[in-house]
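Please see the structure below; I have some questions.
To keep things simple, chains are lettered A, B, C and D as they appear, and every chain counts its residues starting from 1.
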Amino acid sequence: MKLDIQGVIKALDAVGRSLAENKDYLTELDSAIGDADHGINMNRGFQKVHDRLTAGSYADLGAVLKDVGMTLMGSVGGASGPLYGTMFMKMSSRLAGREELDTPSLAEAVEEGLKGIVALGRANLQDKTMVDSLTPAVEALKRAASEGLPLEAALESAVEAARTGMESTIPLVARKGRASYLGERSAGHQDPGATSVFLILSAILETAREETA
Amino acid sequence: MKKLLNRVDDVVVESLAGLAAAHPCLVKLHPSVKAVLRADAPGDKVAVVSGGGSGHEPLHGGYVGYGMLDAACPGEVFTSPTPDQMYEAAKAVDGGKGVLFIVKNYTGDVMNFQMAADMLAGEGIAVEQVVVDDDVAVQDSLYTAGRRGVGGTVLIEKIVGAKAQAGGSLAEVKSLCERVNSQVRSMGMALTSCAVPAAGKPTFELGEDEMEIGIGIHGEPGRKRMKLKPAKEIVEMMAEAIVADLPFKAGDEVLAFLNGMGGTPQMELYLAYNDLANFLAGKGLKIARSLVGNYITSLEMQGFSITLLKLDEEMKALWDAPVETAGLRWGR
Amino acid sequence: MKKLLNRVDDVVVESLAGLAAAHPCLVKLHPSVKAVLRADAPGDKVAVVSGGGSGHEPLHGGYVGYGMLDAACPGEVFTSPTPDQMYEAAKAVDGGKGVLFIVKNYTGDVMNFQMAADMLAGEGIAVEQVVVDDDVAVQDSLYTAGRRGVGGTVLIEKIVGAKAQAGGSLAEVKSLCERVNSQVRSMGMALTSCAVPAAGKPTFELGEDEMEIGIGIHGEPGRKRMKLKPAKEIVEMMAEAIVADLPFKAGDEVLAFLNGMGGTPQMELYLAYNDLANFLAGKGLKIARSLVGNYITSLEMQGFSITLLKLDEEMKALWDAPVETAGLRWGR
Amino acid sequence: MKLDIQGVIKALDAVGRSLAENKDYLTELDSAIGDADHGINMNRGFQKVHDRLTAGSYADLGAVLKDVGMTLMGSVGGASGPLYGTMFMKMSSRLAGREELDTPSLAEAVEEGLKGIVALGRANLQDKTMVDSLTPAVEALKRAASEGLPLEAALESAVEAARTGMESTIPLVARKGRASYLGERSAGHQDPGATSVFLILSAILETAREETA
């Protein structure tokens, strides 16, 4: 099973809906150790993505994800804007010319995206950032690709890995981003960005399930 | 949480429209991105550009004008602006002498400004950046994001803006900016929380007898929560940490800046300034210049911050130089 | 209710000490009564003196300095000062050209200033008084205390202060003061209450979805309580009442003053100013000058007031004249 | 029964204690239709009166009441400062040279004080001010004087008259002072100044009772 261009656009719309639904939840998480805007930022960005994708017409996945990256970069702001923006831009260059997303291409693209995030934000694992949920997700995708798993199963394992990564941020003391200003007081709270990574992957999984059903 | 607004998504643009309407001789809005530009830009001088999340007014839009900023890029409330804003703003105010970005040290701001700088450099525009990080409430470390940029930003924008106005080169303006940043220290506290309009409720809750010490300017939690104390004790606790950090030494000339977080009555700010002046006198520090009022705020938060800048002769002269902006004005 | 203070009985004196410490070149404190005096008083000019309850800062102490007030007499929070204060302050700043008292129309202020005027007249000092009463929220009547003095006071002190600075005689300064007062109208609203420090709790309670329209500057109840509305509708409701009252007519040049009550973020003030500018444009009124910010406040109250002054050429020139005070400064 | 100079000073101390106890109550009343300071103002003024009288030594009641008037004038502020200040100054001139307060001299002095208040504040009856409780009190004192009642009985009737006057302010729409800005909304609240008049007379009565007991 693969996602075609329309499938990917559907998945991105599903991401937008999920972030809209979880806007207050993410903002709540960001209130505890940040500045109470992560849900607002992500929701604003993905609403813009929806508008952009609805207006555009696309010949390959690279073009879709480039628009996503550019839109996020120009509308999310904060730390998550450049990070997610870069991630999708990097994914876009990996997916240039492709019209279908399968497990290997997804794994490669997300890995490239993660590299972009790390190059920009310089976060290590356990710094309590989105890297903590994205890294295990990338590993799960790569494993799934090497095992020849179909997209849906690959996404299932990525979502589970992201969930574990996300939950692993709770006890951590933040060393990157705004939460790091809190020092010890940042422990005991789940990282908002690690949570939005999980929500994004979950929404893509939902779409993959619907498309195969 | 009550706000004066129309649509919650429009607070920033409508507020910018009001700023421009109130000060047509000082500023104009960029035609395509959210940016406040000097009305007479571009000038034949180094362009000084800053920006950051909204909600800290008059910072930064209120500091655009003669002798201070050439452009300010406001993000959504408490959210860093995006690279296209800095990119377009810089292009609009660059008069060929180059652009200095003054960036408060927040991951988002730093990354977004960096991207804009990369884009501009790609087009052959000379861009330099200085990251302001004056908040002693944050423990500094190589492994973290470092210290936040807070009250010192206002003083830096004034002094550096005056240098650019006086014809300083990009290298001179940048190096002055770094020097001022290295000599300035701040710390803040809050009595109440602010509320991000789009969030619709206070960012944090404080008990009726509590205060948050070491608060940032985004309603982010501070270093510790304590029982409320008399103003004098609060001021001394904060000023002690600031003085020890640089350290400031007896005989130093300082600019003492007592800043309101937005919701504190001016009467209380001057009362706290009185305690600060007494404390500094006791330390043998000489207040050569002062500033008291709401200059870098957190929406309606009640509280204040203290900033001390160790002055030298150049900084004093540049502080005194004429400035004409919505938020700071003298000599013109 | 949280306040930055040491002893609740000392808030006014400590705040005055802070004002004097922050602005030694502008003001000094009277040695025996609570009064803020121009640092260089007495001057060779008519002395302009105002005063009233504290809690409205920067009014009045923040307006003492070149081109505005010669002395300000602060009472306790929201309580008129006492005659000895005005008497001593007037004597300290009188340079032989006479003294003008600018009095906001509150029974207490009017009576206390009147007593001081009587005492001074008894000593042969020329004293005149003008009572400011610009609040259209109050129904005027011969049988009541009349209208309150609110936002117009700031504009009057600036314009009249400039006239005195320029050498106007006591009669000229007084008659200008009356003329400006006759051309200025204001109205205020509140989203939240203020709390008098000594009372220790909010003066009134407003529901989470309510606002008070026609509020004064002391947390006294307004004309009516209403459900919160979008900023544009609130501004239009207030501006409509103001425009109708004078009335202001299409083609009139006005000074549009959007004043914060102390606790409203500047972002919201500019947002409301945007609505005001649009409204006035729709009425054909020309905004020749503007002022946006916290200039006459009610402690930490959230809300704002609108003041419109119908300008003539003399008023415009006097508004633009240099002023150097803690609260308003330009041209010097 | 008469009050001598010490008795009058005791009575004024009792007034100070009563106003201190009722500070919040008076301020509460002033919150509803004014600016929440009447109790604070009166308490500040009468604490100053206490200090002044403790420090002074007096040969006649005129001197005592002059100090009271001057002190109130210079410390109460607001509307009540000049009004009460004037009242005590006027009483002082009536009591100049006297060393004892009896019913006729009290009635005369308070009537003179009321005249001072009316001359200054220009309030009529039913304008919802201190005049509404002070006027009936003066009438009661004058009646008591003409009937030859002793001081305690005279004060009893004055206090009762003041109470009725004070309560009569509740339904009124204010026409003087800060409450007048409220228009119709001032109805339904008891006037703070009318209440402080009642409290002052009550405290004097208490002292008169103690002194005779």
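Rule of thumb we're sticking to: contacts are C-beta pairs under 8 Å (C-beta built on N, C-alpha and C of every residue); 3 or more make two chains touch, one makes a residue touch a chain.
Treat the numbers as computed from the prediction; the structure is a model and nothing was measured.
Colleague: Touching both chain A and chain C, which chains are there?
Modeller: Common contact partners of chain A and chain C, which must touch each of the two, are B.
Colleague: With centres defined by CA atoms only, which chain is the most remote from chain A?
Modeller: D
Colleague: Please work out the Cα centroid separation of chain C and chain D, and write it as a whole number of Å.
Modeller: The computed centroid separation for chain C versus chain D comes out at 32 Å.
Colleague: Using mean CA coordinates as chain centres, what's the gap between chain A and chain D in Å?
Modeller: Computed from C-alpha means, the inter-chain centre distance equals 74 Å.
Colleague: Suppose each chain is reduced to the average of its Cα coordinates; what separation in Å results between chain B and chain C?
Modeller: It comes to 29 Å between the two C-alpha centres.
Colleague: Any chance you could list the residues of chain C touching two or more other chains?
Modeller: 77
Colleague: Return the residues of chain D touching two or more other chains; collapse runs of consecutive numbers into ranges.
Modeller: none
Colleague: With chains as vertices and touches as edges, which is it: line, ring, star, complete or other?
Modeller: Graph shape, chains as nodes and touching pairs as edges: a line.
Colleague: Each pair of chains that touch: what are they?
Modeller: All touching pairs, sorted by chain label, are A-B, B-C, C-D.
Colleague: Touching chain C in the complex: which residues of chain B?
Modeller: Touching chain C from chain B are residues 1-6, 11-12, 14-19, 21-23, 54-55, 57-58, 62, 77, 191-192, 208, 211, 228, 230-232, 234, 258, 262-275, 277, 287, 290, 292, 294, 297, 299-300, 302, 304, 324, 326, 329-332.
Colleague: Could you pull out which chain B residues touch chain A in their complex?
Modeller: 53, 75-84, 106-108, 111-112, 115, 135, 137-139, 141, 143-145, 147-148, 196, 198-199, 203-204, 216, 218-221, 223
Colleague: State the interface residues of chain D toward chain C in the complex, per the touch definition above.
Modeller: Per the stated touch rule, the residues are 24, 27, 31-37, 40-41, 44, 73-83, 120-121, 174-178, 180-183, 185.
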